[in-house]
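Pasting the structures here.
In the two assemblies presented below, chain A is common to both, partnered first by chain B and then by chain C.
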Partner chain A sequence: MVEIFIIPLVTAFLLAIFIRNKKVVWPLFLISNLYILLKLWTLFGKWEIEKTIYTNYELFGAKLSFTLSNNPLGWYFAFFSAVITLVISVFSLGFNQKTKENVAPIWMLIIFSNLGIFFAADWITFFMMWELMGWTSFFAITNGRDKALNEAKYYLVLSLLGASSMLIGIILLGALTGSFEIFASAYGLVQVFYSEKALSIAAIMLLLFAFFIKSAIFPFYMWPSKVYAVGPEDYITFMSSVMIKYGIYPIAMFIVPVVGSLDLPKILNTANWIQYFVGYLGAISAVLGTILAIFQTDMKKLFAYSSVANMGYILLGFASMNIVGFEGALFHAVNHMVLKAAIFLTLAAVIFRTGESEMHKLGGLVYRMPITFLTFLLGIIAAAGIPPLNGFGSKWMIIQALMSQKMIIFAIAMIFASTGAFMYLFRALASIFLGQLPDRFKDIKEVPLTMLIPMIIMMIGMLLIGVVPGVVMKPLTTALRAVGYNVNIASWTSLEGALKNSTIDLTLVFLIFLGGFVISAIMYILGNKSETVPQEDNYTGGEYPEEWGVNADRFNYSYSFYQPFKEMFEPLLEKISIDEFFASIGRNFEYMSATVQGLFRRGEGAVLLFSIGVLLLILGGWII
Partner chain B sequence: MIEILRVFLFGFFAIFIGLFFMGIGRKIIARIQLRLGPPFYQAFLDVGKLFSRKSITHNFVMDLGMVMSLAGLVATMLFVPIAGHTAIKTSSNLIVIMYLMAIGYLGMAMAVAASGNPNATIGVSRALTMMLGYEVPFFTVMLGLIIINGTSSLELIANSQAGSILNWNMIKFPLGFIAAEIALQAMMGEKPFDAMIAPAEIASGPMVELSGKYLGLAFLTHAVSIFVETAIIVNLFMGGASNIFTFVLKQFEIYLITVIIEAVFPRFKIEQAVKFLWTVPMSIALLQLVLIVF
Partner chain C sequence: MNSIVFLIVIPLIAAFLSLFLGKNDKILAYIVTLFNIIFSILILFSGKIPFNVAIGGWRAPYGINYAVTDLTIFFLVLVNVAALLALTSVREIMEYQFYSFYFVLLSSTNGIVLTGDLFNFFLFIELSTFAVAGLISYKRDRLSTGAALKYLILSSTASIFSLAAIGLIYKTLGTLNFADIANKVNNLNEASLSLILILYISSLLVELKIFPFNMWVVKAYEASKTSVNLFIHGMLGTAGIYGVLRILLMVFSKETGKLTLSGNLSSILMLFAFVTVIIGEIGALTEKNMKKILAFSSMAQLGIVLFGISLGSFDALKGVLYIVISNYLAKFVMFLTVNEFSKVSGSTNYLDMKGLGRRYPVLAISFTISALSLMGIPFFAGFWGKISIIGNAVFSGKLELIGAVLILIASVIEGVYYLRISHTFFSQGHEREGRISRVYCLLPMILALVILFIGINPDSFENIISILLDEIKSPEKYIKLILSLK
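After this line comes the complex of A and B, so read on.
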C-alpha cells in the first residue's frame, strides 16, 4: 500500500534531477506508472489494508491522524485512472520529442496526489492531497509558457476558492460529528442531521461547492475550455480524462450515501430538494455544455465543453438516488475517462503534426492520418453514446434510472444533451478529418509508432468496454458490494435497467450490428464497380481548373457550421455569461484588496507576523 | 444458424417493404398534384438501375460510411418487433433503438462529408440541427408512454394495448400521437421539414455527390428508415398487430399521412423548423406528459 505512494514521490524527485535529459525522463515516467498499475492490480480485493500516521494534535476531541486505506470505490477510480495514465505516458514518449518544456516531475506529483485523493480515509489527508493537486496543476498548465499564465491563474483561483470552502466544510463536519474519518463523519452527519439541520446542510453545501468546482459543474463550467486550450496536450489528456473526476469520487463516496440515508420531505412524490438541487445543476451543465460546444471553433475548447456536459450526466445519475443511476454514473465516469482520453490523444496527434487547433483551418486529414482518424471516429461514436461502443451503456443506465424515478425534466435534458452531442461531435469529425486537405498539409505523415500504439489500445478499450461491459461493471459491482451496497455482481455482457424487462445484452447488440453490416456489405459488393476520382472532380464537373490557369480552390464548409442554430441561441447566451459575473466579482475584489493593501504597505512585516503565527500554532499543537 | 437466416429474412423484408412504400408514395404525390406519376414498382427499378451502373467514389471513408449507414438502419430494424416478432430474442429497448438509428445517420453524414462537396456538408449540418429539433419532442412523447407502462421495452408497450381499438395509445393519448406524428414528419425528412435535402437550394444536400451504388445504398437506407420509423409508431400507438399483414397495413397508414402532408406543404427554413418543433409539438408533448405523470 505504501509503495504506491513512495514510488511516485521518489520518481518525481528523480525526474526533477534529470529534467534536462528527455531520454531518461519519459521512460522513467512510464516505468513508474507501470509499477503503480501493477501494484494496484494486486491490491484488488484486499480492502482491509490500512496505514495510519498518528499525530499529537487534537481538534474537537478527535485525534488528528493521516490514514490511507484501500477503500473499494477509491480503488475503482484509482485503478482505471492508472490504466489511462499508463496509456498516456506511452503517448508522451513520442509526443515530447520536440517540446522544450518538461512537465513530467510536476505530473508525477499530481499522480501522487491522485492516488492520495482516492485512497484517503480521512478528510485531513484528503484535503492535503487536494491542495497538492491544486497548485501542482497550476505549474503543469503553464508549463513555463507565459501565454498560458492567465488561464492557469483562473484555474488556480477557482481551485483555491474550492479548497477554502472545502476546509470550512471539513472543520464544520469535524465540529458536528467529532470525527475526521470519511466514513465515520458520514455516519455521524446522518445522526446529527435532524438536530443541527442548518449546519449539516451548510457542511454538505460547502463540500459540494468544492467538488463542483473541480468537476466543472454549472457555475464553474468555464475553466476546462480556458485551461485545455493552452496546456500541454498530453497533460491535458490526463486532465480531461482523470482529473475532472476528482469531484465525482467524493460525491459518490460521501454525499450520495449521506443524502441517501436522510429522510427528507419529497417534492411531488419523486425526490427531495437536495436531489433536485444537484440534478438541476447537472442538467444545466449538460445542456449548457452541449450548446456551448456546438459553437466552438477551437477543437480543444469544443471537447472541454463536451466534458462539462458529461459531468452533467454523471451528476444526473447521482441525483436519481437509484442504484442503477448510481452504478451508471460511476460506470460513466470510467467510460468518459476512456473515451475522452482517446479523443484528446487524437487531438494531440493532430496538433503534433499540424500545430493547428482551430478546426476550420484543418480538413481532409483522414488521407494522411488514417489511424488517428479511426481512433477519433470510434471516440466520437462512444462520446455520442451509440451502441457498439462504450459511452452507450452508462448513459442508458442513467436514463433508465431517471425515467424510473419519474424525473422527466432531467430525462429530457439528458436526451437534449446527447442528441446535441451528435452535432458538435460530427462537426469536429467533418472539420478536422473530412473535407478537402489544405495544400500546406499535403506532406504531413501519420504520427510515429509510440503515439499510434496508445491510440490503438484506446480503440480496443472502447470497443471492449462497449461490447463486454463486465470489464468495468464487474469490478464496480464488486467494489460497491464491499462498501456495503446491496447490488448483484454484474454479468459480463448484459446491463440491468431500472424499469421492467429492461435488461440489455450489449454483446448481442454488437452481433446484431455486425449482422446489419454483413447485409449492407452484401448490397455493396453486389453493386457494380466504382472508380476512385480526385475530390476536385466534384464541383468543377470533371474539368481541370489548372487548364484554365486557375488554382484548384479548396473550400470546406466548416466555419460557423451551425450558423442558423447559433442565431437562435445568441440572445440567450448573451444573457447568461458566468465569465462576466466572475469578472465583476473580480473587479470588486481588486478594488477591495487595493484598499487593504494601502494599510499594509510594508509587506515584509505582514509576512513575518504570519510566519510567527504559524510557528506558534505548530508549537502549541505539540505542547498541548 | 436459424438466427442468421432470420436476420437476413427480416433485413431484406424491411428493404422490400420500404421500397414498396416509397414507390406508392411517389404515385400518391403525383395524383395529388394531378400528374400520372411513375408505376408503383418504380423504386425497385431505380435501385436496380443504380446498382448496375458504374459509380465514382472519392476515398475509402465514403465507401465505409455508406455501408455503415445501411448497416446501422438494418441493425435498428432487427430490434423493432414486427407483429410481435423480432429477428433475435431481445428486450427491444426503445432507447437502444433510438441510439442505434443514429449510427446509420452518422455513417451517411461521414460518407457525404468525405466527398468534399460543401453542399453535402451544409445538408448534413442542417440534418443534425433538425435531429435535435425532432428528437426532443419525440422523446418526450416516448417518456410519457414509458412512465405509464413502467417499461422501456417496445414489445411490452405494444402488448399492453392488446384487445379492442379503444386500448390503443392513439385513442388514449391523442395529444401524444399528434406530437409524435409531427416529429415523425421531421424524422423522415419530408416537407415541411426537408431543409436538409432542399434540391433547389443545396442540390439535394447529402445526395449531391453520390452516384451509382452509393446512391442506391442511400435509397435503401431511406427505405429501411421509413420502415423502422413507421414500425415504431405502430408499436407505440397502434398496438402492434397480430399478423404481419395488418402490421404492414398499419405502417402504410402512417406513411400515407406523412406523404399527404409532404405533397401539399412548402419548406421551412431550418431555424424556423427547429423553432416550430420546439414550440408546437413540444408543448403538446409536454402537456401529454404532464397529464400522464400527474
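After this line comes the complex of A and C, so read on.
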C-alpha cells in the first residue's frame, strides 16, 4: 500500500534530476507506472489494508491523523486510471522525442496525488492531495510555454477557488460530525442533518462546488476547452480521461450515499431537490457541452466540450439515485476514460505529424495514417454510444435508470445530447480524416510504433469492454458490494437494466453487428467495382474547379460546418456567457490592482490615512 | 544572567566602532551578528529559562528589567538569525553608514524583544525607526530619500501616539512595567483602557504594515537594497509581531492571554486585517516589480497574522505562529532569489527574469516552494497556519466568516501572481552574461527545505509552538517571574 505512494515520489525526484535526458526520463516514467499498475492489481480484494500517520497537530481539540486506505471504490478508479496512464506513458515515449519541454516530473507528482485522492480515507488527506493536484497541473499545462499561461491561470483560479470552498466545507463537516474520516462523516452527516439543516446543506453544497469545478460541470464548463487547446498533448490525454474524474469519485463516494440516505421531501413524487439540482446541472452540461462541441473548429476544443457532455451523463446517472443509474455512472466513468484516451491519443498523433489542431486545415489523413484513423473511428463510435463498442452499455443503463425514476426531462436531455454527439463526432471524422488530403501533408507518415501500440491497445480495450462489459462491471460490482451496496455481481457479458426485461447480452449484440458487417462486406465484394476518380471530381458536380478559382486544398470545406445550426442556437449562447462573466471578474480585479498600486506609489496622504485609521478605531462601535 | 545585556550593548558599541573601521566593517558585522546568535542559542540551551534581569539592581516595578521567557527566546533567535541571513545578501562594499545603522537596528530589535518595560520598548522602537530610515535612504537617490522620509513621518506620528498612550498609562496605573501593568490592568476603567489601546495600537499597526497605517511599505521596499528589505522583513517585522503578541495578548488583556479588547476594538482590528489582506493581494496582482510584489505580499501576510490574533482563540494563535514562521522563511527565500536573479537580469521586473529558472532550477524551485507556502498549500508550512485560522474563523461569527472567505479569495489571487512568476522563471528565455555562484543557491534551498519539512512533518514545529502557547495562555507566570521578591 505504502509503496504505491513512495514510488511516484521517488520517481518524480529522479525525473526532476534527469530532466534534460529524455532517454532516461520517459522509460523511467513508464516503468514506474507499470509498477503502480501491478501493485494495484495485487491490492484487489484486500480492502482492509490501511496506513495511518499520526501527528501532534491539533485542530478543534483533536489530533490530526492522515489515513490512506484501500477502499473498494477508490481502487476501482485508481486501477483503471493506472491502466490508462500506463498506456499513455507508452505513447509518451514516442511522442516526446520532438518536444523541447519535459512534463514528466510534474506529471509523476500528479499521479501521486491521483492515487492519494482515490485512497484517502479522511478529508484532510483528501484535501492535501487535491491541492497538490491543483497547482501541479498548472505547471503541467503551461509546461514552460508562455502561450499557455492565460488558460492555465484560468484553470488555476478555478482550482484554487474550488479548493478553498472545499476547505470550508470540510471544516463545517468536521465540526458538524466530529470526524474528518470520510465514511464516518457521511454517517454523521446523515445523523445530524435534520437538526442542523442549514449547515449540513451548506457543507454539501460547498463540497459539490469543488467537485463540479474539477469535473467541468455546468457553470464551470469552460476550462477543458481552454486548457486542452494549449496543454502538452500527451498530458492532456491523461487530463481529459483521468483527471476530469476527480470530481466524480468523491460524489460517488460521499454525496450519493449521504443524499441517498436522507429522507427529504420529494418533488412530484419522483425525487428530492438535491437530486434535481444535481440532475439539472448534469443535464445542462450534457446539452450545452454537446451544442458547444458542435461549433468548435479546434479538434481539441471539440473533444473538451464532449468531455463536459459526458460528465453531464455521469451526473445524471448519480441524480437518478437508482442502483442501476449509479452503476451506470461509474461504468461510464471508466468507459469515458478509455474512449477519451483513445480519441486524444489519435489527436496527439495527428498533431505530432501535422502540427495542426484546427480541423478545417486538415483532411484526408486516412490515406496516410490508417491505424490512427481506425482508432479514431472506433473511439467516436464508442463516444456516440453505438453498441458493439463501449460507451453504449453505460449510457443504456443511465437512460434506463432515469426512465424508471420517471425523470423524463433528464432522459430527454441525455438522448438529445447523445444524438447531438453524432453531429460533432462525424464532423471531426470527416474534417480530419476524410475528404481531401492537402498538398502540404502529402509526405506525412503513420506515427512510429511506440505510438501505434497504445492506440491498438485502446482499440482492443474499447471493443473488449463493449463486448464483454464484465471486464469492468465485475470489479465494479465487487467493489460496490464491499462498500455495502446490495448489488449482484455482474456476469461477463450481460448488463442488467432498471426496467423490466431489460437485461441485454452484449455479446449477442456484437454478433448481430458482426453479421451486419459480414453481409455488407459481401455486398461490397459482390457489387460493382469501384472506380477511382481524381479528387476534384466528387465535389464539383460538373463544374470545373479552375473556373471558381479554387484548388484541391481549398476544397475541404469544414470551416463553419454547422452554420445553420449555429445560427439557430446563437441567441441562447450569447445570453449564457459564463466565460465572459468570469473574465469580467478577473478584469475588475486588475483595475482595482492598478488603483491600489497608484495609492501606494504616490503614497500621499499617509498621515491622513493614519488619522482615518485612528478615527475608525475610535468610531468602531458605531460602524460595526 | 546579567550578561543578557550584551545582546544590546555589543551591537551598540559596534555601531560606534564601525565609524572608524572602514572596509573591515563587514567582518565586524559578521562577528557581532554571530556573537548574538551564539549567545541567544546558548541562553536557549542554558536551561535557565525563564529568568528575569533587573538592570542596575533595581527591582521590577521600579527599574528596567529584561525578561527572557520561551516566547522571548524564540523571537530573539528569529531576529538574530534573520540578521545573519540578511547580511549574506550584502555583496558589495558598503560604507560605514550602512553598518552603523545596521548595528543600531540589531541592538534595538534585540532590545524590543528583551525588554520588560513599556517606555524602554518605546525607546527601542524609536531607535529602530531611525536606523531603518537611515538604511532605506542609503542608496541616496530621489526614490530612497522620499521613501525614508515617508517612513520617518509615519513612524514619528506613530511614536507621538504611543508616547501619549504611555503617558496615560503612567498617569492612570502609575507604572510602566509590563508585568505590573498586566497585574493592574483590571483596575482600569473601560474608557481609559480603550483610549490607551487605541493610541497604542495605532502606533503598533504602523510597524505591522496594516492597511491605513502602511503607506510607507511599498515605497520603502522598492527604494532600498535587498539586504535592507530583509532587515525590515526579518528583524523589524519579526520584532513587531513579538511586540503585538506580548503587549496585546499578555499585557493589556483582562482575561488570561486572550485578546479581550474593549468595545468593538477587536472587530475593527479584524476589519483592518482582512482589508489589508485584500489590498495587499490585489495590489500585487498586476505588479511587475518583484520587490513591490513582495512588499504587497508581506502586507497581506501580516494581515492574516493580525486576523488570527484578533480571532482571540488559542487554536487561531497557533495558526498565527505557523504563518509567522512560514512568512519569515518564505520571504527570505524570495528576496534572496530575487536578489540573485535581478543581478543576472539587470532589473527587478520579473518578466526580465524569464528562463532563469531553467539555468538555476534550485533557486526557482525554492521560490515556488515559498510561494506555495504563502498561499497555504498543503505539504508546506503555511498550510497548517491557514487551516487553523480559517477553521477557527468559520465558527466565530459573521464578521469572522466574511474575513475567512476574503482571506481564501485573497490566497487565490496570491496563487495567480506567484505561480505566474514561477512560470516565467521556468519558461524559455534568452541567454545571459552573468552567472550565479552555486554557493548562493544553497541558502534559499536550505530555507525552502525547512518550509517543506515543517509542511510534511508539523510535529517538528508543533512542540515548539505548544510551549509558546502555554506561555501566552498563562500571563500570570510572567507576572510572577518579574514581580516575585528575590
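The rule we apply is simple: the second predicted complex is superposed on the first by the 557 of 624 C-alpha atoms of A that agree within 3 Å, B and C clash if a C-alpha of one lies under 4 Å from a C-alpha of the other, contacts with A are read in each partner's own complex, and residues count from 1 in each chain.
Keep this in mind: contacts are C-beta pairs under 8 Å (C-beta built on N, C-alpha and C of every residue); 3 or more make two chains touch, one makes a residue touch a chain.
For clarity, every value in this text was computed on a predicted model and none was experimentally measured.
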item	value
Partner chain(s) touched by A:517 [first = chain B, second = chain C, both, neither]	first
First (chain B), second (chain C), both or neither touched by A:58	second
Which partner reaches more residues of chain A (counting touched residues only), chain B or chain C	B
First, second, both or neither for A:149, with chain B first and chain C second	second
Shared contact residues on chain A - chain B and chain C	none
Contacting residues of chain C [partner chain A, same complex]	150, 153-154, 157-158, 161, 198, 201-202, 205-206, 210-213, 215-219, 263-265, 267-268, 271-272, 279, 282-287, 292, 296, 315, 318, 358, 361, 372, 375, 377-379, 383-384, 387-388, 390-391, 394-395, 399, 404-405, 408-409, 411-413, 415-416, 419-420, 422-423, 426-428, 457-459, 462-463, 466
Chain A to chain B touching residues, read off their complex	268, 364, 366-367, 373, 377, 381, 384-388, 392, 396, 399-400, 403-404, 406, 408, 411-412, 415-416, 419-420, 422-423, 426-427, 429-430, 434-436, 497, 499-505, 508-509, 512-513, 515-517, 519-521, 523-524, 526-535, 537-539, 555-558, 561-562, 564-565, 567-568
Interfacial residue positions of chain A with respect to chain C in the complex	16, 55-60, 100, 127-128, 131-132, 135, 138-139, 142, 144-146, 149, 152-153, 156-157, 160-161, 164, 167-168, 171-172, 174-175, 589-590, 592-594, 596-597, 599-601, 603, 605-607, 609-610, 612-614, 616-618, 620-621, 623-624
Chain A partner contacts - residues on chain B that touch it in the complex	4, 7-8, 11-12, 50-59, 61, 63, 66-79, 87-88, 90-91, 93, 95-96, 99-100, 102-103, 105-106, 109-110, 113-118, 121-122, 124-126, 128-129, 131-132, 135-136, 139-140, 143, 146-147, 149-153, 156, 209, 212-214, 216-217, 220, 269-271, 274-275, 289, 293-294
